[in-house]
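Given below, in the form of structure tokens, are the structures.
After this come two complexes, each holding chain A, first together with chain B and then together with chain C.
Entry: the complex of A and B
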């Protein structure tokens, strides 16, 4: 009598059939995996000498957390007095040092439209650096439009050279692939590090502008101009990108020009009616603080600009700018 | 001789197998979705992305023929397609790309009698008059005055903005110089004449709104997410001034009465889901929904292929008047 609970016997044919079916399933699963494989994907190039390039920390250790908000209509006056309130440029730049000023020369626009660093401001900051004893001052940016046109039509080139600075126009040989430690986007990406060679201090300079993607373009976003390649793809995740820019570089100071604020239609603007004469110059050793203060000029809050909070998380600074050594002055 | 028996899986084995299969399905689903979010750096490092296209293709023809005028080209003409538009206008490219953008031709012109100042002409080919009107109307500056010499144009201090058939034009001057402003008009008219004639250009949607109390400068075409609702695309809006109260009116051609009726119902139901309540009055228009949403009123109806209504009105009586006028106009 057969036991109804005993397993039914399997013959050789069934065994081979089951093995064959199992093999087909395994092959199919493996094929799907191979289908996702991209043969022409870039190979990891984790060469420690180039890929994990670490930019020096350009901040002055003895000068943490200072910010000055200067009110006035004349850029040369407000920026000079703002630096004086922080202890003077001589507290940031030592005699014999080399200084790089990273301007915003993104577009071949006239200075009247507020889309780029104003040449009067560039000249003023160059002069301040040279007065403090800087051995050399470099002005540079990797613009969106044709570089030569941008530096010419914005007036930045003429102003920088007239005040004693060297202007470096980007070219391919100035870029090296770089990976930001802890970054997800800036990995093996061309970065314009050439002008930074031998530089002791870095000052970022940007106008306060509305930006269609990020909400605002100020000092934190200004470092976008060190990136090469088809960087427009980063607009898909622009707040994270700005966060990684804050990880990438620690400047000596930043100058945020809110003399005329581009309230709408940024970052290019175009109409004078896009501008608001907010008459404010913000100078700080903390770019997060500078941008937090600048947000108000656009009528925005820190919550409206997620990149500020993200940059703060990296330790690049604090959005609570009033917690720093804070000064607010009215210039004549 | 021992006989092989087909082992029947036990309950525990079955449950474990199901769990493992479920995990594999989740992993497969995640991989499938993740394929649509490739790290932009990966895309950028693909071989085809390493070929940097020139920032602009030079076209031999000037954007505007200035023969016989005081205007001369100040820079060569530039041409930008969808892939290179960001190289000219950076973050603002998204607005155009999502509105049917085809190409941009740009060029600077200067006056022989006024060197140092220039006008940059941006001629966007948006593919259709509706697309062109959409980007024109959505970027309209507040401090603008209509230019009566052109079918659909307005000016600010230093700029002229125009829509002509499928083209959206921006003419940006370096400053608010009178001679430059006059020259802008010349450039705009010459462009219109060379592109199918100015008399044929008529902004789309113009006939959808009754003219009584209409502020013609406020007509706008919102191509997507009108009023923040994903279902509302291709919505024309305009503002009216009744007894000092400003009202926003909207109309959209949905092609069929069924589609219009369905959209009207859908929009009404959505507002109710978000907390709107029906107002207990006789509707000003047959089958209209009259809703109160916080402290404003919404009237929504369909007529033939059109869905229309009054949006966020602060005064119910004015909203009813406007809804009646709109319905009467659409019947004509």
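Entry: the complex of A and C
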């Protein structure tokens, strides 16, 4: 001890202390190593079982197969009178119900170019729902262009909010994998079901537009906007995809806006010269009928649009819309 | 940082102390204000109408106050753009007051000061004094500044040199001015007229020779690289690209989707290195690296007011250097060019010797930066030489990289590189997140300049958006109007702004290469009429064997041969023809069942014979790009379902900013 150069011998207390601490560390390291040891190679993590998530039927049983074609230039008037001709929004939306309006907000372009649902029409239908006593109205879409820009530039966000609806802009957490019963393409595919949570009624709203791949973009094709993920790969078999969309969701009603019809350069448009003032608003509880009626506005026949026949095969509706409770009215 | 809050209690006792303490508090308030302002500007640089979004916030104000941005672009371009005039205010104040910006305004400096204080607070006084002693290495920042300005000034020098050989009137004026100067110099300095004449001749001959030598050569070029190390652009770039995207989540939601910026590793690495170097030496970046601080050091040489010792009475205790932010040696001969006016020495001096005043420090002062003529010349020449060396690669000329797609409104590349300060404001504001910092694709001098990457982001470059150019503080991206971008109104003749052009990769495209219908690119092309158009083609599908007609029932064809799965061939995209029958036009398959193929109609009824071969065809729409209308917005590339290496890709071909890149007549 007194010699500073000589190492001091370890005493018993320190030796026992050191042994105890070393023992604890050895035991800890050993148990972690052995505890987490796995002899098998890891397997790739795959999606678990096929998603069984299904959307409920949003249609009103008492209102099957009704269609009204209203002629007029003012969207708010034509859509109001068309709904009245079907028996009024009250027949579709009961007080206290929650309504989701699936608009077409696909592109970040101004409403005048007709590539998206017109804000006046959105506002009018929101008001109709609220007048019928709806508890809450939600307006949503999963656009192609930048979502925030789309809802801003199309005027849809401002119009919807001003008339009392909530606008839901898509984000990752709103999507869940879904499998369409009897479907081949939409299997474990991310679908924007978040906004549909707690919703009682769904109204689809689409403008009539030329679409080079499918022939036309109307109310059936509009449900494409509920899909997420790499949905563009479905263009390889677009008619079957639209057929599955018709299977996936049965709306309460659809509003097909042919006030202006995008005759060419669709579905983006981009020029006023792409539009034709066809002055027609089609409101129907049968989306297949609505699209079949809308085809004429584009100068196309049902035979030109295979998806209509395919959607009809699934039982989503009737292409021969004149066989339904059909009304044609003239407004203003 | 000293503990000013506790000392405030003393302020009532002595009058001279009260001034110094309130000045520390004022400085801290100023630093916190500008730091918070910086953070606020970073946050509100989000495109949108909400109060916390861009609206009309002057988000570039700090960049504009930074005179190195203004000086750099002025040297490189000969003009001082719009709000950069604010830099003049900073310069004027610095000339009078010294480096107030470093100690009172600079948000990056405030960060360093805070981190430095945190890191060093446990050190004892002598260690603190040691950390704050002056080091010869502090000269490096002047070398960096001179180098960066040298890189920017090449063209200005070339222009001046050419004056001698091309403008005889200017020559005459300059000769007269020099002559008058000479006469004055002889008069004042009593230099001999022979010395004067030989000096004048040397200048003129050197000027003319250099002018002739460099005329038409590539020896002198300008490139603005100050942004690499200029603290304000550096801080904005770091926060914009590496910090905000990380904190963006549910609590702080700045963007709808996940922001992605490739190549930010280097940006983040530099930022964090700069911050962590405070652990070794406080304000390391400010003292050794910062070219803006160096500029202020030079400008403040003649400051009217300086920090220094008031009178005799210094006990050489060294307390003044305990929290000295500039490492400017206030205890002895103060180095005014290093002093960042933190005023800590005034606060820390127990004998009230330190002050901020017009008369020189009693202990002496060195006003000029500690840089030798040799170092100055070496830095300047290196800067001047670096740009032509970089340009040897031909990035701005023949060897331009088509992968470099600049935002709409960007100036031609050589002009662009004379303005871009790499601050990342365009990348931050871009609503679709397609503007990214470049790596080396536009050359070494183009590092961190904005390039478009359509694989990422929410949707190409939206043609209805002009945010980047209207935000760019230096107009490297011009502030264009929507009408100019779209080629409308007065811009009808020149057409829309093209940032590049899309090319279909036929070896990857689903319809071209794989017989699968698709044309997502055509669908999403936003211009009218669409720049992507299609040509229809029917191609026979591969089948195991051949199909032969065995009969017909109305619109149904009965056949022998391999089975045709309905789910593949009854999609609406498949057609049939029958050999040797009229018409040869394909007819669409509606359905396929055990009894044959149902057709949309049956024009074969009269001419087809049993046993004839049936060919199943797929109807393909093959995409083509019309160079006359493609604007290079990249929406097609973004949407292309071939997600890895896209089957349609935009390159800078045909971009309107470089007429030399024009593709078609």
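Note that the second predicted complex is superposed on the first by the 282 of 332 C-alpha atoms of A that agree within 3 Å, B and C clash if a C-alpha of one lies under 4 Å from a C-alpha of the other, contacts with A are read in each partner's own complex, and residues count from 1 in each chain.
Keep in mind that, in the parts below, a residue touches a chain if its C-beta (ideal position, glycine included) is under 8 Å from a C-beta of that chain, and two chains touch if they have at least 3 such contacts.
Predicted model only: the values in this text are computed from it and were never measured.
Student: In the superposed arrangement, which partner chain does A:171 touch: chain B (first), chain C (second), both, or neither?
Tutor: A:171 sits against chain C, while chain B stays out of touch.
Student: Determine, under the contact definition given at the top, whether A:65 touches first (chain B), second (chain C), both, or neither.
Tutor: neither
Student: Answer with first, second, both or neither: which of chain B and chain C does A:149 touch in the superposed model?
Tutor: Both partners, chain B and chain C.
Student: A:303 in the overlay: touching chain B, chain C, both, or neither? Say first, second, both or neither.
Tutor: second
Student: When the two structures are overlaid on chain A, which partner does A:235 contact: first (chain B), second (chain C), both, or neither?
Tutor: both
Student: With the two complexes superposed on chain A, say which partner A:15 touches: chain B (first), chain C (second), both, or neither.
Tutor: first
Student: Which partner does A:88 reach: the first (chain B), the second (chain C), both, or neither?
Tutor: neither
Student: First (chain B), second (chain C), both or neither: which does A:194 touch?
Tutor: It touches nothing on chain B or chain C.
Student: Considering only the contact definition stated at the top, list the common interface residues of chain A for chain B and chain C.
Tutor: Comparing the two interfaces on chain A, one with chain B and one with chain C, the shared residues are 107, 110, 144-146, 149, 184, 211-213, 230, 232-233, 235-238, 265, 267-268, 270-271, 273-274.
Student: Spell out the part of chain C that touches chain A in their complex, as residue ranges.
Tutor: 47-49, 256-257, 431-432, 457-460, 462, 464-465, 510, 516-520, 522-530, 534, 567, 571-573, 588, 590, 600, 621, 635, 639-641, 643
Student: Inside the complex, what are the residues of chain B that reach chain A?
Tutor: 3-8, 28, 31, 35, 39-47, 49, 52, 55-56, 75, 86-95, 118, 139, 141-144, 156-159, 170, 172, 174-176
Student: Please give the residue numbers of chain A that touch chain B in the complex, ascending.
Tutor: 6-11, 14-15, 32, 36, 40-42, 106-107, 110, 112-113, 144-146, 149, 184-189, 211-214, 217, 229-230, 232-238, 265-268, 270-274
Student: Would you pull the chain A residues touching chain C in the complex into a rising list?
Tutor: 107-110, 144-149, 152-153, 169-172, 184, 211-213, 230, 232-233, 235-240, 264-265, 267-271, 273-274, 303, 306-307, 309-310
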